[in-house]
Amino acid sequence: MIQSVELKNITKRFPGVLANDHINLRVNAGEIVALLGENGAGKSTLMKILYGMYRPDEGEICINDQAVTISSPNDALRQGIGMIHQHFQLVPGFTVVENVALGLKSSRGPLTDLDVVSRRMLELAKQYGLQVDPSAYVWQLAVGQQQRVEIIKALYRNASLLILDEPTAVLTPNEVDEFFNILRRLRENGHALIFISHKLQEVMAISDRVTVLRGGRVVGEVATRDTTKQELAQMMVGRQVITRWEKQAAQETEPILRVQNLTVLGDKNLPAVKNLSLHVCPGEILGIAGVSGNGQRELAEAIAGLRRATTGSITSEGREIANHSPAHIIHSNIAFIPEERMLMGVVREFSVAQNAILETHDQLPYSRYTFFNFSAVNQTAARLVNDFEVKTPSLETPIKVLSGGNIQKLILARELERAPRFLLAAQPTRGVDIGATEYIHRRLIEQRARGTAILLISEDLEEVIALSDRVAVMYEGEIVGVLPPTTPVEELGLYMAGAKRA
Amino acid sequence: APTAQPTAAPAQPTPASAQPTTASGGATKPFRVALLMPSAKNDLSFSQSMYDALVNVQNEMGKDKFEFVYSENMFNVSDAAAAIRDYANKGYDLIIGHGSQYGASLADIAPDFPNQSFAWGTAVDTFESKGIKNIFAYTVASDQGGYVEGVMAAALSKSGTVGYIGPLPVGDGKLTGDGFVAGAKATKPDIKAQTVFVNSFSDVAAASQAAQTQIASGADALAGTSQNMVGAVSVAKDKNVLWFGNDVDQSSLAPNIVVSSQVYDWTLAIKGIMNNIAQGKRGGEVFTLTLENGGLRMVNNPAFKLPDDVKALQDNTIKGIIDGSIKTGVQ
Amino acid sequence: MILQLLAPAVLIGIATSGILLATPYLYAALGEMFGQISGVLNLGVEGIMLVAAFAAYYVVYSSGNLIAGLAVAIVVGALMGLLMAFISITLKAEQGISGIGVYLFGLGLSDLLFRVTIGTPTPVNGFPSLQIPFLSDLPVLGPVLFSQNILVYGAFLFVPFSWFALNKTTIGLKIRAVGQTPEAADSLGISVAGVRYLTVTFGGAMAGIAGASLSIALLNIFQQNLTSGLGFIAVALVYFGGWRPLRIMLGALLFSMVSALQLWIQTLGLGLPSDIAGMLPYVLTIIALIFAARQIVTQPTALTKPFERGE
Amino acid sequence: MNRFDPRQYNFILVPLVAGSLALLVGAVIIWLLGANPVEAYIAMLEGAVGSPNAIADSLVKSGPILFVAIGICIAYRGGVINIGGEGQLVMGALGTTAVVLTFRELPSIILIPLALAVGFAAGGFWAAIAGFLKAQFKVNEVLSTVMLNAIAVLFMNYLLHGVLMDPTELDNAIHIPQTERFVLTADLPRLIPTRLHAGILLGVIVAFLVYILLWRTTIGYRIRAVGYNVIASEYAGINVGRYQILAIALSGALAGLGGAVEVLGVNHRLFTDGSATGFTGNAGFNGIVAALFGGLHPLGAIPASFLFGALLTGANSMQRTVQVPSAFVTMLDGLVVIFVVSSQIWAKRRATRRAIAEPLVQDPTATTIQSDITPS
């Protein structure tokens, strides 16, 4: 059983980056320590060192005041350290119990003992309130349930220190509450926990102590009860951060985007969007709140022309766009900020400049008769980089080297450059730190003021509330209520959980 | 077009050995031959038949009078052309492209080496009509051997079904097959003579599958051509079905079931070419192996007890083909 | 024409030679399947089969010992598999291309060794057929199913064995995990590279048996390029079967039976040109691939992707 | 944007070292075979570049390899792996042959371009089948192209002992599976009085055109975008299926052009040994390796293909001189492929390190830039 874990003078260099610079961190049994910092501050790196995925260049790790060497996840598990990654490390094609049993020694030698594992797993589940069906396939589970599987996996391996890297990024408020209950129960049982999040109110709600990283260095350490959100933000970014936005009330006019009776099939060929209708007016932000997996992705893809609409219509400024090609839709003055920026928003290997013209490369002045005019491309790219404060070494740099926040800024710049009449923004700030989040929010508000209709899809309720003129809650493919942003969070949560509908 | 003419190469420096060498001995310099083969020299098939012939000639004349080198697996014409030119530059007296695909390259290269000779086969064109004087051609009437095999197979068959397995329906493989069917039908008009082509010279498993098919459909005597037939022989051996070989003597493959093999003996062509050269004629002649001129021979497996009546039938058929009283009907 | 093909003798003939030729496909394809499920595409199966086929043949040729020949084929196959594993796992080489390298290497090496040791195709006595008591006396089925040589039985027993190993053992669990989500396996302390080395080496050993089944059980001879593309078909069969042993077996039987069928079409003189008939198995495979490609669920998503931690 | 920067494609050194290592292993084997490796390799060098004729032969040998390699660059950039070079070479050659046999009266100036164009189209069509199957049905192109290779060869064989067969062969009953020799007006011009024909020059020109296509045009931009990231391309309005098909079709078309050049420039007729290897000399596979060798860049493919052509020509010459079995050449070919493809990891690592480390080290704002990275 772990009494204490101490990281001493940990230093880790990557080519061109000092990710961790002599970091010290201690966590004791029965304690939750929060790790805060901007994107790239070095949080994940530090945790991966603790979990044996990276070797530190300098420094040592002590468990119960004894120096130990952790050179692989296996070592970490043996020492009682478990890690829950932001991207779940689950095999989607496996059942829950198979995922738990993976890599364990079996009581039946070379044969699997899934029954045994399943039984013990249920015991654990009962103890900590982690209900989940052992025989369900992971790909069938909601995100919150998948997370429970992750925790069960760690507990099953007798982990007494749990590292949680941005565990709440994908959860709804209700799920977060449940999740925190689980964490508290773990703390009572003498587990030690390290918790990473970009959301300050969560840090305030759950942690006992907070350590703030900046540029790979520890810039502050405080007991949670002795600090405030404002102080933490100040420590992280070096200034105050705006989270509430003043804006003019939107006008009810002729909508730009109108979705009527839309039905869309999901990957499993079942209806994911069911007979859904909505509209967005110029100068309005319509926020879509909801637990992920309730059809938001399919809705967005149908609007973007990436997924067939089986019934219903989508019109933009009166023209039908449902089941038109993505190219056609792009040319109808519609812009997208896709959900997964690395996967959908950019071609990682292309340079910043090449990514800046992803949708417009075949238009004047960037090309004529299929031949590129490079100086025109570079001019535009340079202007976008400048206007949107994208930090990049050069326009030729492959975009994958940039930070997520900066990539997101470039995508935003590219989409807004097209002066869209309608903008679909899906999860525009997921995983982005508070500084960059503030910047992106400001740009969206500005665009709204220019009369663009914006559909904001986000699992971050705070964000939806802060930006939207109206909030539509999506549940199981339907809109169960359109509410004013002033609606209490608790009530929105009920809608999101399907417990209430308008 | 700029290329209507064969390459106007600057006269190649004529190598020393290109002085007319006499093939029949007496001269100090040996007769030097280079051979290009499409497959391996011991493929128990087409390539080996020529390689064996050169070895024969060498054994007869002695290493000091007859030298030869070879390149195997040279089907690719681009590679072969490079090799042909290289051999020519090295002054070989005779360069043999043992495959019909080499003709165009020979016609290209030969004019640059007027004091050396080239030969190719199986083919009947010496390019003399194009004004080229130093190319020989050779070919084989393998329908004759196939016919003899068909006759014997029909005579030996108890089931009334015999079969032929070929690589592709082309070349000597097809000729042999046609002869085989004709011979079988001539012996027993109501016999079933079935042919199968496996579309490959090298796929042994396919040849074995073809033999299984033939046998399952009732054939109890089989003949086959090409290097992959070892697979068919192996099946025939297993099922105790008679086998007739082609190209070279295949008795060693399965002493119990191989009845007879049609053997191509290119020695005849080689010697004919050497005689021509000795008389100062460097090309322009076509040599055809036949039963009559002895270039084709039926070699019976000594370990197989051939019934006397079948042996007599074989001899008569061979005699008939030679004196023209029997026509294979192929052509 | 169809009627002639439906005659009992023809059907039995097709089944018999189909079962025989399915043998090398089964060993090679099921072995390859393990590698692919763990995320490694080994296109070099053909080359491995060739070298092992020669090794087995050489041992039997010089000693007459069939068991020794088989054992050597397994070892040689495993070593070639290890080579492929090293190239594609440790050196992270493009798998499609390194497979071609292994193929060419095996093609050349086996021929070279054959040329310098034996030279000319000489038959050997391979595994004799093994009559299963009673069962082999059954009419029709007996000769087709129960009087084959031991490697044929082994190939078909390998099917349930593979299924069991994949679905009921801890190592099977690891293999599947590593091919679907290597990061997940890695985070649980499973050595992704280790598992892949194991499967690719095992696949090599099985390709070794496949080669031996040709040279010392079915054809009982060795020759340059003895396999003639059989190994490539085996790789295709893995996709065809959607990474499931039973379907792979069906694919192997189907392919080898269609090969037999096209020979029957010729034998019966049904007038389809031999080359056109010869296309049948390939066309059929492509058609089957169209259907196999739909089974996305079982697809090892990490196939051909080298694993790198932290990316 | 992405102009040609030799530093970025400095992939040559690594494969060169790898190739040398392969030759070293080859030397050991030669030695084991009882021949003298030094003598063998000298013969190889002489055979490859020892005389104008040798150089010409090496260049001629590299012809189909070069065309396939250029095509592979396109396919690879478009994210498709085209193993079907062999079949596409065959189909290209068939198309060209059909044209030459049909329109034999046409003057060279029309006949040759027409024959080349049809060869190009035929190869493209054959590859497009695999592209279509991939785009439409998600059929893995590695497998479909392998199957299509077999079908193409059978198709060629079928025609060669059917309608395309030399009529004089029919008269002779020998039935050699080959066409008649093409009319002389269909021969590609010779560049110098050796076997070196204009097809090689065409290959070099095509390499430049493909370079421009890939990096200077929107078509190339889309092909590369699709190759890197299907999802992002779809989002950006690129018709992914169409560009995948285009990439592999262009790749196959170039292989087809290679087949056309081979029959018009070298063979002057079409023939078969029952497999493709005989006619193509494995160029469909070697082209892939040459493309890798050249850093998957069409301009890199030029020296890489020449090197490969020289290696193979030299190895054949070595076979003649020291009389090692031809199987050795095949094996050496395999070894070179293995070593070169295995060495890619170092080439890649160097490239990545440069892309990540260099600009950031030079840039004073490096740390701030990196300090707000968020992966998605």
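What to note about this one:
Note that the chains are named A, B, C and D in the order they appear, and that numbering of residues resets to 1 at the start of each chain.
Note that in this section a contact is a pair of C-beta atoms (placed from the backbone, for glycine too) under 8 Å apart; a residue touches a chain by one contact, two chains touch by 3 or more.
Fair warning: this is a prediction, and the values are worked out from it, not measured in the lab.
Ranked by distance of CA centroids from subunit C, the top chain is A.
Our note on geometry: subunit B versus subunit C, Cα centroid distance of 36 Å, whole angstroms. Centre to centre, using the average C-alpha position, subunit A and subunit D are separated by 44 Å.
Subunit C and subunit D have centres, each the mean of its CA atoms, that are 29 Å apart. Taken residue by residue, subunit A touches two or more other chains at no position, since every residue touches fewer. In subunit B, the residues that touch at least two other chains are 40, 168-169, 199-200, 202. Taken residue by residue, subunit C touches two or more other chains at 111, 115, 224, 229, 273, 275, 278, whereas all remaining positions touch fewer. Each chain pair that touches appears in this list: A-C, A-D, B-C, B-D, C-D.
Put simply, subunit A touches subunit C in their complex at residues 48, 51, 53-54, 72-77, 83, 85, 87-94, 98-99, 101-106, 110-112, 153.
Across the complex, subunit C is touched by residues 29, 33, 81, 83, 133, 137-140, 142-144, 146-148, 150-151, 154-155, 157-158, 162, 282, 285, 288-289, 292, 325, 327-338, 341-345 of subunit D.
Residues 41, 43, 47, 87, 91-94, 96-98, 100-112, 114-116, 224, 229, 232, 235-236, 239, 273, 275-276, 278-279, 282-283, 285-286, 289-290, 293-294, 296 of subunit C are the ones touching subunit D in the complex. Listed in rising order, the residues of subunit C touching subunit B in the complex are 9-10, 12-13, 16-17, 20-21, 24, 111, 115, 119-123, 214, 218-221, 223-230, 256, 259-260, 263-264, 266-269, 273-275, 278. Contact residues on subunit D toward subunit B in their complex (touch as defined above): 47, 53-54, 57, 60-61, 63, 107-109, 112, 154, 157, 160-161, 168, 172-178, 181, 184-185, 187-190, 193-195, 197, 262, 266-269, 271-275, 277-281, 312-313, 316-317, 319-320, 323, 325-327.
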